[in-house]
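Once you scroll down, you'll see the structures, which are given as structure tokens.
Same chain, two partners: chain A is paired with chain B first, then with chain C.
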Partner chain A sequence: MTTALRGRAADRSRAAGLARPGRRRRGRPVALFLAPFLVPFAAFYLAPIGYTLYQSLFRMHRSGLGLTAPTQVFAGLSNYATALGDADFRGSLLRVLLIGLVQVPLMLLIALGLALLLDAKSTLFKRFFRLAFFLPYALPGVVGAIMWSYLVAPGLSPISAAARHLGLHLDLTSNAMLAPTIGNMLTWGWTGYNMLIIYSALQAIPAELSEAATMDGCSAFGIAWRIKVPLVRPALVLTTVFSIIGTAQLYNEPAILHNVAPNLSSTYTPIYAAYDAVNANNFNAAAAESVILALLAFVLSFGFLKLVQRKGAAL
Partner chain B sequence: MKPRSHSLAAATVVLAAAMLAAGCSSSGSGSKGEAGSSSGVVKLDFWGWAPGYDQSVALFNQSHPNIQVTFDKTASGSKGGYTKMLTAAKAGNAPCLAQVGYETLPSFAAAGALTDVGKYATDAKGQFADWTWKQVTIGGQTYGIPVDTAPMALMYRKDLFAKYGITTPPATWDEYAADAAKVHAADPTVYLGDLGNDAYNYAGLAWQAGAGWFGTAGDQWQVSINNAANQKVAGFWQGLLDKKLLKTDPSYDPSLYSDMASGKVLSDVNAVWDAPIIASSVKDGAGQWAVAPMPVWDAANPVYGNDGGSATAVLKGCGHAKEATEFATWMSTDADSVSNLIKVTGIYPAATSGLANPTLAAPDAFYGGQTIFDVFKAETAHINTDWQWGPTMTQTSTDLGDGLGQAGTGGTTLTAMLATVQSKTVAGMKQQGLSVAGG
Partner chain C sequence: MTVRQSLSRWLVLGVLLVTSVYFLAPVWWLLVSSTKTNADLFSGNGFWFARFALFDNVHQVFAQQGGIYWQWLANSALYAVGGAAVSTLIAALAGYTLAKYRFRGREFTFNSVLAAVLVPQPLLAVPLYLMFSGVHLVNTYWAVLLPSMVSPFGVYLARIYAGSSVPDELIEAGRIDGAGEFRIFATIALRVMSPALVTIFLFQFVAIWTNYLLPVLMLANDRLQPVTVGIVGWQAQRGIGPSAVPFNIVITAAAISAIPLVILFLSLQRFWRAGLVAGSTK
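Take a look at the complex of A and B:
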């Protein structure tokens, strides 16, 4: 249709004998209307990415004891090699992968379950529960993290105290428990958000489908499993991609938890490690680490999309 | 029609460009200390975090109508303040003045974030003890004015020491270890002290033992974090950890103060500036606390440690280095300012005139009416003055803090952790283009 329109406009210009100037004039209004988007997009999105890529290819050169202003020299990919050769940084990448692998499916299962329960006909107090499940997300993430850090801090934790009454020794900030504790904080904070996305998708399903299934003798569980879940698949894919990206960028929870758990290292997650490099005034290393993390998040989220699309085609 | 739309598009682009340019430079132009052209008043920005600095700034502004300083409170240095300053310096919009600890000044120098004020500070030099002036002079350039030093001492619960049969506070580390065992044997939930995760507190312990971390030979840095002297210090504290004689609450954490308030942690070896922090964090213990000299390695030849002390540094791009130096010198030497800093900030002055400040003779009600600064004054003549900081202290202190945190929970030992910190420090220095000996 656009081609037809464009063709018709071109005919008209040609008829008026203004073909060439007309084409040039059309570009300006387009640029004018795109500018409000393109200018900030370039300034606040493309420029920082470009600057990060640029920074990641340089390193500081100092002479003597290096106590005067350094000069920047081209370093090729050596910052990337250093970052990938650093066991702490590799460990941080592996850590978010593992946390994501366990926490994301678990959280989305709970979110889906809650959304289906809210959507079920027989559920009482829907509005109350919808709000209650969503409430943790309404709290700023850092506030939630501070609250949880007091709930798990050794010496203060009521959870550990309760376990002690049962004769169990439970230190929620020990090295082995750090990842589960952070996973718990994430699940608490984000399940409601994901539930709401899935719930809105459920709301969009026409009631006739459920009615028809009921007439055919399908149980409530069957309706949920055979009708509703396949229909909210796009919402599940979306929340999974969001969660993958969110987990890759894990920072708030470990950073706050560090205050009560000094054994949580300052390179616990990739962003934490990059921030650590910035703190050490090594902007080039931080840039390389940021690019690696961005690539990882990109590959994982797009890899997941490709995977489910192929599966979708096969179905 | 045609010319009009053309000019409109051009105007939009120009406007957008102007807004971007303004956004990038507006914070820079003001803070670089450019003279207010109309009135001739020099405006300086000052970033720092210590309580009480704002009051000294207000005093200065009252008496110096031609130089007006604005104090902006940042997060404390290691909690993001330094990162903010270095990032601002890199972006070219740093304030003229900043509170920078001696330990971080070489890192700032290595980042090229400082301005040499040597030529404005010739008069100031004579007003400070030699070793504090050395802390602000790096590679022959003077980057600021010393504010304070931080001799360390033992702050303890006098009443509870008596309860557990400690009649005199431990004067040596051997006595400290014996007392730690004694207290813990009497009540396994009570600890003599706490080994937190503050890297610089640990540095003070190494400093006292003469266990240097950094040195230079020619044009090369030398890192000795894992040398024999440091192993001795680490070995002592690891010995106490192994016997579970120390609490390992994180430094300056509410859990530490809650343990102090409930009588579970009886003392802390910390710097002079920690005295008011304990006083405000453990209010219920008022009157029960006291200050004794830091335990020493050799009672016949006592040497004490220093944990902190900072300078008012002049940052890169300061257009009014002369006025900035004038302010910094005034803040550290003016009697009213120093009185304020002693009272509110809890500093121990670096200026020689400051040591005679009458505020230092005031008894402290929290510490049972003791004149606590007498303890620190007696120590100052015996503080090791050779200590040299390295150019990557932010990284070294982070790694050491991680190691202390791990050691506290049994994830590693202090003695093993030193090797990790040493190798990470050397690698980090090399990565930043510094030449380092060995590895």
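Take a look at the complex of A and C:
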């Protein structure tokens, strides 16, 4: 650690000591204790964000003949205008939005349903089912994606082979099937994780609540719908927000699917498009695209939070 | 039990069984396929065994490209163990400090850390790559290790846990006995926090082991790559030519790379639940 940092740490710990009068005066090493986390946090989280914002406002200016090194010039918001004017990028945003609109509610409904079934008293083999549903999450995402890419690859796919037996032609990597295939990969990989979060919240509900409702003549379905679901609302909100952010950063699945489906375009998702721009040595464009995507993910997840908060207050 | 009750019980069991087939069948396919020769992968029932070639496949995986698969596993282990160990320790210290000391800017610091949990990670990878190439860290172990040492989620978990489980009286007692602040943390708090430490370590270990984006950007040298990047690289080298990697090798390599995680999951289930519960009560 540099001496400058140490000096600052001492200053802050003095301030921290003052903030707590009446205590025995001794070094309160708050800054010293936080620094091992905050320094790398600033370097590897905050700095990249700042760097992206900064770069999104500049562009490389190349001289006409390309004989001199390109120089960086201020570009205002023109990178943003270019990104939003790019049909490929807009298409990727729309695609992810559509996948999210269909896949996230479907996955969370399944997760909620499974969690409620596992939480019901009379259900058999709970332990086995819990493990079975959670297993996909235990596989590295890349392994799951490689596995599914082969499960849908023409020539290798056992699903297509089964369809062939029934006299059907089914190509799960055709243009029309790409989005459902990716949606399936996400649902398969993340349902169990979301189920376990909801299930943990269900387990925290006192058993007396359900017992009292049963005595009042409430059916098992009624208990689930009227008592349990409202009580696990925070878990549902959390899983929704995580799922929105997860969908916004969709990359691994399409990138790996591309290995068996060359028709999948290199601008299929926004992150994919941004990486494409990086590969084309256009980091300024990639930066603007990243910022747009981050803003969109933020607006959607934050908007969702506000929406449920208002609804919650009205109830 | 009434007829209706037992009927609904069977119905529930049926639904759960069908769903578990959906979740288990692909993994079963992966296991079965890892025992097949490359030719057998393209014929017959994908969900049932053909000629048993598992050991031959494993041998081929570890022989491919001069046995680089060992190196990849070792790299993954280094990144995951090193990154998770360091990030757990500094997250524990930061979380404990945020929970047990009152100081100006405490809530601001904690809220920034929380907000960081919500930043899409892939967005950080490209600017990190550019920053690291500026200081010549790209294509070194540090390129992956350094960013892996930061776990905002770990700080969140450590703060919650320290706040609820490390009694102030214990810290005061340590002070009265004349122990320094760091010693109190290292000898008293860390011990009380150990269940949370296991959870933080586990989550970070898995996050690093399964990370693909950061290492694939940072590491062009395949001797430094973790196993995820290596396998996807093999998968991309399909088709004909001397460097083409047959499907059976990719499938078996993918299956092997999942084993450490599956073991971790099954043996440490309790700690998984702890982390997920902490997330759901936010």
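Observations, loosely collected:
In the analysis below, the second predicted complex is superposed on the first by the 273 of 315 C-alpha atoms of A that agree within 3 Å, B and C clash if a C-alpha of one lies under 4 Å from a C-alpha of the other, contacts with A are read in each partner's own complex, and residues count from 1 in each chain.
As a convention for this text, a residue touches a chain if its C-beta (ideal position, glycine included) is under 8 Å from a C-beta of that chain, and two chains touch if they have at least 3 such contacts.
Because the structure is predicted, anything quoted here is derived from the model rather than measured.
Of the two partner chains placed by superposition, chain B and chain C are both touched by A:155. Once the two complexes are laid over each other on the shared chain, residue contacts for A:276 go to chain B alone; chain C is not touched.
Contacts of A:256 after superposition: chain C is touched, whereas chain B is not reached.
Look at A:61: by the touch rule set out above, it reaches chain B but stays clear of chain C. Look at A:309: by the touch rule set out above, it reaches neither chain B nor chain C. Chain A is touched at more residues by one of its partners, and among chain B and chain C that partner is C. When the two structures are aligned on the shared chain, A:29 is found in touch with chain B and with chain C. On chain A, the surface touched by chain B in one complex and the surface touched by chain C in the other have residues 28-29, 43, 155-156, 259, 278, 283 in common. Chain contact summary for the complex, chain A toward chain B: residues 25, 28-29, 31-32, 35, 39, 43, 59-70, 82, 153-156, 173-175, 259-267, 276, 278-283, 285. Looking at the complex, you find that chain C touches chain A at residues 5, 8-9, 12-13, 15-16, 19-20, 22-24, 26-27, 29-30, 33, 41-42, 45-47, 89-91, 93-94, 96-98, 101-104, 109, 113, 116, 118-124, 126-131, 146-147, 149-150, 152, 155, 175, 181-182, 185, 209-210, 212-213, 228, 231-232, 235-236, 238, 247, 250-251, 254-255, 257-258, 261-262, 264-266, 272-273, 276-277, 279-282. Taken in their complex, chain B has these residues touching chain A: 2, 5-6, 8-9, 12-13, 16, 20, 82-83, 86-87, 90, 106-107, 109-112, 138-139, 141, 196-197, 216, 219-221, 248-250, 253, 255, 258-259, 316, 391-392, 394-395, 398-399, 401-402, 404-406, 408-409, 411, 428, 431-435. Considering their complex, residues 12, 15-16, 19-20, 24, 26-30, 33-34, 36-38, 40-41, 43-45, 47-49, 51-52, 55, 110, 114, 117-118, 120, 122-125, 128-129, 131-144, 146-151, 155-158, 161, 188, 191-193, 196-198, 200-201, 204, 220, 232, 234-235, 238, 241, 245, 248-249, 251-252, 256, 259, 271, 274-275, 278, 283, 286-287, 290, 293-294, 297-298, 301 of chain A touch chain C.
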